[in-house]
Amino acid sequence: MNKRDFHKKFIPIALALVGGFFVGGIFLAICGYNPISSYTAMIEGIFSRPKYIAQVIIKSTPLILTGLSVAFAFKCGLFNIGAEGQYMIGVMTATLVGTKLSLPPVVHFVVLLLLAAAAAGVWGAIAGLLKVRLGINEVVTSIMLNWIAFYLYRYIFAMPWLHVKELDASLAIQETGRSTILQGFKNTAEGRAIMANNSALSDILKTDLNFGIFVAILVIIFISYLLNTTTKGFEFRAMGINQEASRFVGMNVSWNMTLAMFIAGAIAGLAGILQVTGIYPYRMTNLAGFEGYGNEGIYIALVANCSPIGCLFSGLFFSAIKCGSTTMQSKVGTPSEIIKIITGLIIFFIAISFAYKLLIAKMKQRKESRCKGDDK
Amino acid sequence: MTISNLVLLLVGTLMYTTPLLFAALGGVISELSGVMNIGLEGIMTFGAFTAAAVSFFSGNPFLGFFAAGLAGALLISLHAVASITFRADQTISGTAINFLGAGISVLLTKKFFHTSTSPSAPKLPSVFPKWITHHFERTTFQTLKSISIATLLAFIFVYLLYFILYKTSWGLRILATGEHPAAVDTLGISVPKVRYFCVLASGMLAGFGGAFVSISVTSSFSSIVICGQGFIALAAMIFGKWTPHGAMLSCLLFGFARECTTLFEKEGGLIPPSLLETLPYILTLMALILFVGKSAMPKADGIPYI
Amino acid sequence: MVGIQKSFGRHHVLKNIDFSVEKGTIHALLGENGAGKSTLMNILYGLHKQDSGDIFINGELVEIKSPKVAIEHKIGMVHQHFMLVPTFTVAQNIMLGSELTKGLGIVDFKKANREISRLSEEYGQTVNTKKKIEDMAVGMQQRVEILKALYRGAETLILDEPTAVLTPQEIKKFIENMRNLARSGKTIIMITHKLNEVKQMCDYCTVIRRGENVVTVHVDDYSEQQLASMMVGKELTFGIEKKPANPKEIKLEVQNLLVSDDRGVKRVDGVSFEVRAGEILGIAGVDENGQQELVEAITCLRKVTSGRIKINGKEIQNTSIANVIKSGIATIPEDRQKSGLVMTFSVAENILLKGYKGRPFSKYGRMNKSEINKFASRLTQKFDVRPKDCAELPVKKLSGGNQQKVVIARETSTDPDLLIAIQPTRGLDVGAIGYVHKILIEQRDKGKAVLLISLELDEIMDVADRIAVIYNGKIAAIVDAAKTSEAEIGMLMTGGGKK
């Protein structure tokens, strides 16, 4: 990407971010909350302690991955609104494999990861297949599939061989299947001694430290590589921009579409897998409604301009303001829902980014006519 | 199955159908004019909040109901500006509306009531006047009195919309705008004007749908009352082939399936409840697979017109 | 109407044009593609706004800001692509925007049907007002468009390339109708680049060339040849230098082909022909006579009802596009932006859109960018794609002619046995047209079989060695290009017999 292209894509997004916070601030002021102290508290909640920073990174993993799932689908010309359902299928399958199968460390995790990602991928591929074979809009099928996944989740969750009544949660995933870091160490005598001497380290270790973020980064690298250097990625990108031309030059668009939805599903599933294997209590919890990761994936992909690497930063960014908003609510009493409003505004501003282009075009025209005027 | 169960089935079906129907009609009018409306969910949420709050403060549920329509139109005007004037991607701007609707509603709830659930507000009255419901007391038909007046209104809107779309000059212009905006433009009709009108009407209807949930089904607002109904309405609209009567039938089908699951759960059958609850969605999916082609969609739906 | 004059600013589509039309006449606006004819008329109809210049109607200065104002001034326009809602009936389409109502906006469909039937009979343009547009033939749709204008009281009718989509019988009927309208006092402006029609039906003719008006003449005073040279701006040298063909073995063989369109209507009805290596077979015909379905069947975009398509003796009908390509068919599509190119991809990526899988461009599923760019640079140089060194530029930044060169470069680079070219020069300027023709003939001389489908008779006459004329889904005749005349082909295209 050359510099000018980068600016062209980056400036509208930067403007949208600024605009979102600005208008959100006005909204806060109207509602009687002080926007400046609210935002300050939010920023403190992100950076002021090592624990906070660790928290931001840990919580960014599912956001980055669902964002990547949506972004990848967008690149292939598909709208994956089904990340929510794929996420739940991921959590569910991971729990089943994690609790019911006993395997050596590493192996257990890898088997769990592959099986659960495949299950979520199949869930995504259903929508792709229905679109390809019967021409049914993938948005509608995905909405239905989300709900079916939700109730399926609750059904499995309530099974007597999985459900622990006292906790109202499922059995916990065996330690061999978890993606945690140093959680065992924390509780040893040696660990306690080190933590007592080093406050920053102990602060970080108190969080749900896990290696999910590294998996996410690996997946990002894989998807970037797939899209940019492989022949399959070439087909995906061509299909994303011009389906008819892709078909015309003999590419198998139907198969590619199903495959793309499989991959998107697997990535969203991965978000769920890493969540349940990396975050305490390592169990399926009772869901009253959607957790919302699917919807969050949409805006993360948008802010990232659908670039896989962009998803990393956009996921971190939104994780940060989410974490910050909890601190903000407890410190100065500003409701954390302002984040939803700011996010909505950011999406809105991205949507009308055409207006920026119009504005720029107009300014250029004015400049030109002024130049002409000088000539005369 | 007893008669009182049948009555219960009818009442429950209507209860589940009504909010979906309002929103689906909103979807129909917007998309027929060529503007996709994926933001129904957010509008419903905002409508539900407004209705609960206004009804609570004024003590008048009707005021709450109409305020919800107004609020819906207000919120969706953002989508209208983005998609009509700025020619934005309509999926993206619809998604924005979903976030804004949810965020604003919950934030204002916390602001006004200092909790995440609004206090109990006066509900919309029954469709039957008191002197009729009086006769129902302690009969098998006693549950009939919980049919809301807004349910009637929803079905009136079905007819009204049908009439406007297929019998009047306004309808002719709306349909033409969704199918072939350039043709409308060359005849000296303003495409943006038609679309603005339809999108705002869509917001009003979806707002009503949300209001029904918060001041008829329940009597308070919390962030989970709408819970995906906007998206179901969207599916119902598509399944109903973008017509008011089609939307009505698919909403009824969906409401019926929902109520069946509720009843079966009470009775305690062979099938575990959570599996049963997938029924409406599986049914819709099956119906889509079996009956729907891609042809019914308005040709210019979702495409900005320059 | 006296004295319309306007000029355009930045793009210089129109440079200071004067144009006036006399009431009750049929006036042709003649010019090549891109000369600015349509833009001029869109300004008159209020769809575009002129940068400067004035419009006078009946001697009065008017400002036409929108089609609404144009309609108020009794101007009606029939666009090249019809502005009809396919799912609406004739009556609904005609009254849209000025509906007959019973009050409260309730449409009086009965009265409307009656009114429109009356109107249609008055002007001799009979239509069934209750029929849906999507179920009607193109000629009938055009009638509806004309009635739409008349319904609004149009005195001046602008028609944009009205005959391009009509069958020969329809054209005949159309000319008659226009004559009648003019006789009844309507003024008709016809945008066209077809000289014979100008001669047949118009009273006056204004020639536009590259946004400048050349001259307005009385049609009867000039010959077709003279009009043509005014249009192009130089004496016409139509002929292209080419050696006689040297046909060899049969490459493509089509036998008794039957193909239906999406609605199940039979569009190709028992077509048989063959194309040999080293020859160009041209398929001539008026639009909508089955050419599109025929080509789609050959390239496997459409299912064949019955019959056989063989390439090198191997049957390929109803297989897959990938198989067709593998069998050695390359296609230059009709709409390059829609089906030929991925517009945001680079020139190199577009050139390799077919060959990306083979070595050296990819290995074990990994693409080799430097090989691809090297190959693409070589091809862009060979085909003189401008600007220079454009291999890594997005193809959307290129001009139409250069985009077409990219498509041609790709399609010929796979070394096909049969090259199909569908309207390969549509929308290109004169220079690019000549270049495309040269390439087609070059391919022939290399021993390829070439199938050229075009609506431009001149193109077929210049380039093809043999000409198959398609009419109403059937091959009317296959003739030797050297031994035929435009008149003969014209007869065949219009359903007339061989002389």
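Just a few scattered comments:
Think of it as A, B and C in the order they're written, each chain with its own count starting at 1.
The working rule: a contact is a pair of C-beta atoms (placed from the backbone, for glycine too) under 8 Å apart; a residue touches a chain by one contact, two chains touch by 3 or more.
Predicted model, so just to flag it, every value in this text is computed and none were measured.
Taken as a contact graph, with one node per protein chain and an edge wherever two chains touch, the assembly is complete, since every chain touches every other chain.
If you tally contacting C-beta pairs for each pair of chains, A-B comes out on top. Between subunit B and subunit C, the centres computed from C-alpha atoms are 46 Å apart.
Separation between the centroids of subunit A and subunit C, computed from CA atoms only, is 48 Å.
Computed centre separation for the pair subunit A/subunit B is 29 angstrom, with centres defined by C-alpha atoms.
On the side of subunit C, the complex with subunit A involves touching residues 301, 320-322, 324-326, 331, 333, 338-345, 349, 353-354, 356-357, 362, 365-367, 369.
Remark: subunit A residues 229-232, 234, 237-238, 241-242, 244-252 touch subunit C in the complex. Here subunit C touches subunit B in the complex through residues 45, 47, 66-71, 77, 79, 83-88, 92-93, 95-99, 101, 104-107, 148, going by the rule given at the top.
Against subunit A, the residues of subunit B that register as touching in their complex are 38, 42, 78, 81-83, 86-89, 91-93, 95-104, 106-108, 110-111, 224, 227-228, 231-232, 234-235, 238-239, 272, 274-275, 277-278, 281-282, 284-285, 288-289, 292-294. Remark: subunit B residues 167-170, 172-173, 175-176, 179-180, 182-189, 299 touch subunit C in the complex.
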